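The structure under discussion is supplied below as structure tokens; questions concerning it will follow.
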Amino acid sequence: MFDNFPLWPARASTAAGNVDALFIFLLIVSGLMTLLIFSALIYFAARYRHRRGVPAEQIEGSTPLELTWSVIPFFVFLAIFAWGAVVYFKSRTPPRDSTEVYVVAKQWMWKLEHSEGQREINELHVPVGRDVKLIMTSQDVIHSFYVPAFRMKQDVLPGRYTMAWFRATKAGTYHLFCAEYCGTQHSGMIGSIVVMEPAQFEAWMSGGSTGPLSVTGEKIFAELGCATCHRADTQGRGPNLQGVFGKPVRLEDGRTITADENYIRESILDPGAKVVSGFKPVMPTFQGLVSEEQLNALVAYVKSLSQPGATPTNTAAATQDNSTAAGSQVQ
Amino acid sequence: MLDSTLVGLHHEEEHHPELLHHFADAQQQRDSASLGMWIFLGTEVMFFGGLFCAYLIYRRWYFGDFGAASKSINAALGATNTAVLICSSLTVVLAVWAAQTARRSLLIGSLVITMLLGLTFLGIKGVEYKEKFDEHHVPGASFSFDHVPIPGHPDQYANPRHAQIFFSLYFIMTGLHALHMIIGLGLFAWLLFMAWKGRFTPEYHTPIEIGGLYWHFVDIVWIYLFPLLYLIDRHP
Amino acid sequence: MSMATTTMQPVERENYLNKEYGALSWLFTTDHKRIALLYLMSITFFFFIGGFFALLIRLELLTPAGDLVQPDTYNKLFTMHGMVMVFFFLIPSIPAVLGNFLVPMMIGAKDLAFPRVNLLSWYLYIIGGLMMLHCMLTGGVDTGWTFYTPFSTAFTNTKIVEAGLAIFVAGFSSILTGLNFVVTIHRMRAPGMTWSRLPLFIWAHYATSIIQILGTPVIAITIVLVAVERTLHLGIFDPKLGGDPLLFQHLFWFYSHPAVYIMILPSMGVVTEIIACFARKRIFGYSFVAFSSIAIAVFGFLVWAHHMFVAGISIYAALVFSLLSYAVAVPSAVKVFNWTATLYKGSIHYDAPMLYAFGFIGLFTVGGLTGLFLAALGIDVHVTDTYFVIAHFHYIMVGGALMGYLGGLHFWWPKISGRLYPESWARLAALIVFLGFNLTFFPQFILGYLGMPRRYFQYPQEFQVLNVLSTAGATVLGVGYLLPMIYFLWSMRYGKPAPDNPWNAAGLEWKTTSPPTTFNFEEEPIVTWEAYNYDELDAPRKEGVPIAR
């Protein structure tokens, strides 16, 4: 509206329109309700002003009226609930094949890493029209990733991943706020989402990167000796990670869970928590030995092993690498 | 004017020395005291409830680790304490009956034995805590819980971080319970004093009754604590 | 009945105020009316402290940059504003002042069931308050009033444990008050005062007391866990040690959501009494209003995770809590409709209490409707943790609860003090409060939707105009609150002596003298009439036939 005095936030994602539609509907419903009640109040207050000789009429109540004005609002509320739930479901369900960006929040900045490897601090460049999924964790306290123009917000927790997704629809620069109080510079933990036209985005991407995140992860996988036990065949002391991501996994205790980002992360930091059926609980913990960024890279690498065409380049490295901790088991 | 024979019943009834001024009669005073204590116990249920809730959640998440930790606390002492508390509830019931039937010596004796049993409970608790301290199972800087196998999975060790959560909750829950026990002992000391001074009669012994309610509650909390904390995943 | 004289002080009958003099007679009183006044003084003190913090917050927010106070100081300001206002002002306010004063009288009793426990409640409140004051003066807390973990347990170095213990102690004050009310209402009603003849103020306080009894212990244990974790570096809520920060949020909100109903239900009870009196008729739908209070108390315990929709709970949990949050909105809506319907064919007077009641209905309606926005999952994702939420709860707490409290103070002031407050000033104050309030908080709805997060001391330039409007409103609001402070005090010495029933209102409390005697009633009343018998009160008097009631 006014440049210095906006009354409505920019609308820059597919979700924004949905949220605004529901909001406007609620504005109308609330407006009507308010009008109704205020008019009744004002009218009654004036019309039934105290007048000498005109006593008040004692009216006990009216059960039909009570039921009416309980049931009808309840159905209106149910409708609002349903609409809100639908909008929420959509905003919480990232489409398949979304581009992934890993986010690490810390007091008081946002660290982002594209799967292609570009790193950003307090800024996120994305192209118009692409589904972007954020895989987020915090290094310290609870933060919250909030982009008003996308009508998107998700708390970022220490110790686990939370997800959010959006598809930007309009080029421009939009506010990124931290929306969960996190200490001294909570108000300073802000940044920008820079939405670019696809061509410009490609140009931006080609400038400077450390290589795809999954390749970084592959290097760490080898450095930390993971390849020793997690071989690309059935001979390893640990499960073969080829194609594991996104599939159901049967555990020792009989449960079956889906191997998502949080499962991979937990398996690295707390391997005894969910032992795969048929394997011994011998994996050491890497708690304190890997940073959040390294964890993200490892997760990205394991995911890449489920992509069609993923070549298990680690097998060669694994057979060459004879870590002394492995003991005498061969091949 | 309102009919004065219906009104101000307390003018007509004998003014019992223990009847407080704002009550219409002794029955109202008794009923109020009783309802008040029940409601207070309700608040205590909610107070402990938060702890039980936290415990049940972590137990579900870290079942094996909690099993290992639970196995390391002394179930024999815990069971003894359970027996001690159940006996003390019996002596409390005895005390109430004694008050109701004007048996002053029995009343005093029951109160004394109840308190002795309570002290026994605390003493045994102290022994248990010392055991835990000696084994470095008290959460904090010197906590250690390495290479403790999970019950039923001899090749898997418990995660010390998760075991520490068990012990944190163990000490907080039993500690809070012990605190309530100590308060109960203080309460009963006061009841004993009043009983010795002859303040209780069959017409007025409300403090004994509501004190008894409190003691029974503390007992019941323990009856839930014991199996939850001591008996997870124990096999003969 | 003594007629008020306007020259000298009339000869005073003995009442609860002049029965005994001296500080000790107040500090060791067990008279529920004196305890109510002790509370009145203490909570007013904390109100001004919390209000002072609010003033500083609004001053800082005049400019986009953080230039008035240091960041840490600002963070402490909004934390202390919240903690003081919630725990030391709003939660006690109506129950401890008006409830304590009126509950026994309204049911025809001489005092509450446990007068000494009542005094203990006040002392616990004072001890908690002093602990909180000490905490604030020696550094304060900067976690936000919600003190989420792991920030509060493992990162901040402010005085969490002390503040937590202060709240813990004050929480027991709240529990004991609730316990006292429930037992009193069950056991000490005068003969003939059946449940369906109780004033709706009593029903509202009964429902509130249930929440206080069942909910407060949960925050108490949460505080204990946070204090122990922080002191001994345990890992119950810390992910680095295997704990879960969301467990804290569940435990915290399990109390703190019902707590908001502790803050609003009594105010609804006050408004009901005022509307009945100034419309001169029985409340429309008595049973529905009575049961809606109970329904709010029950459902209020089932909706806590609507504060956690973006916190990391599952989609399915979110669905359940959203649905239940809509359910709890229905009884509140029912109350608004019943109050409005009561005005129909009434005989309405516009004295100050009624103006506050009108203000309450208007502002509570807006606040409640915005709750519908927040309960909608799709919208909450955008507006949670923004100024939209701040506006919503201030509309309910300040526009609702506080206006109800002020209206109640005005309505029962003649009974409490034996004096009349100056009516014109009171009407002016009501108007100033209403206008100042809307100017302060309506812009915040817009700020929230625009995306301004809460707990920010610096913000993007484009939010400034709305913030300036809000601060302007806050200064007007402040004036509106100062006025009653001044004229209530003035009235205690210079106000016209009040008759026993200046409003010709229904209710047993109006049958006592103004101010009442220590034991309220000379003879225990026997009730043979329904509540809100305004038809009898307003019936034209026949010669020689006294008004029956």
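Which chain is which? They are A, B and C, in the order written, and residues in each are numbered from 1.
What we mean here is this: contacts are C-beta pairs under 8 Å (C-beta built on N, C-alpha and C of every residue); 3 or more make two chains touch, one makes a residue touch a chain.
Keep in mind that what you see is a predicted model, and the values were worked out from it rather than measured.
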{"item": "Far-end chain from subunit B, centres as C-alpha averages", "value": "A"}
{"item": "Which of B-C and A-C has more C-beta contact pairs", "value": "A-C"}
{"item": "Interchain centroid distance [CA atoms averaged], subunit A/subunit B, Å", "value": "46"}
{"item": "Centre-to-centre distance between subunit C and subunit B (centres being mean Cα positions), rounded to whole Å", "value": "35"}
{"item": "Interface hub residues of subunit B, defined as touching at least two other chains", "value": "159"}
{"item": "Shared interface positions of subunit A, touching two or more other chains", "value": "270"}
{"item": "Multi-chain contact sites of subunit C, meaning residues that touch two or more partners", "value": "242, 244"}
{"item": "Partner subunit C, residues of subunit B touching it in the complex", "value": "2-4, 6-9, 21-24, 28, 31-32, 35-36, 39-40, 42-44, 46-51, 53-54, 57, 62, 139-141, 159, 161-162, 164-165, 168-169, 172, 176"}
{"item": "Touching residues (chain side subunit A, partner subunit C) in the complex", "value": "3-9, 18-19, 22-23, 26, 29-30, 33-34, 37-38, 40-41, 44-45, 48-51, 54-62, 65-66, 69-70, 73-74, 77-78, 80-81, 83-89, 91-92, 107, 140-142, 144, 146, 148-149, 151-155, 157-160, 162, 175, 177-188, 270"}
{"item": "Complex interface listing, subunit A residues touching subunit B", "value": "270, 272-273, 275, 280-281"}
{"item": "Of subunit C, residues touching subunit B in the complex", "value": "109-115, 117, 175, 179-180, 182-184, 186-188, 191, 213-218, 220-222, 224-225, 228-229, 232-236, 241-244, 247, 251, 254, 519, 523-526"}
{"item": "Subunit A contact footprint on subunit B (complex, rising order)", "value": "64, 153, 155-157, 159"}
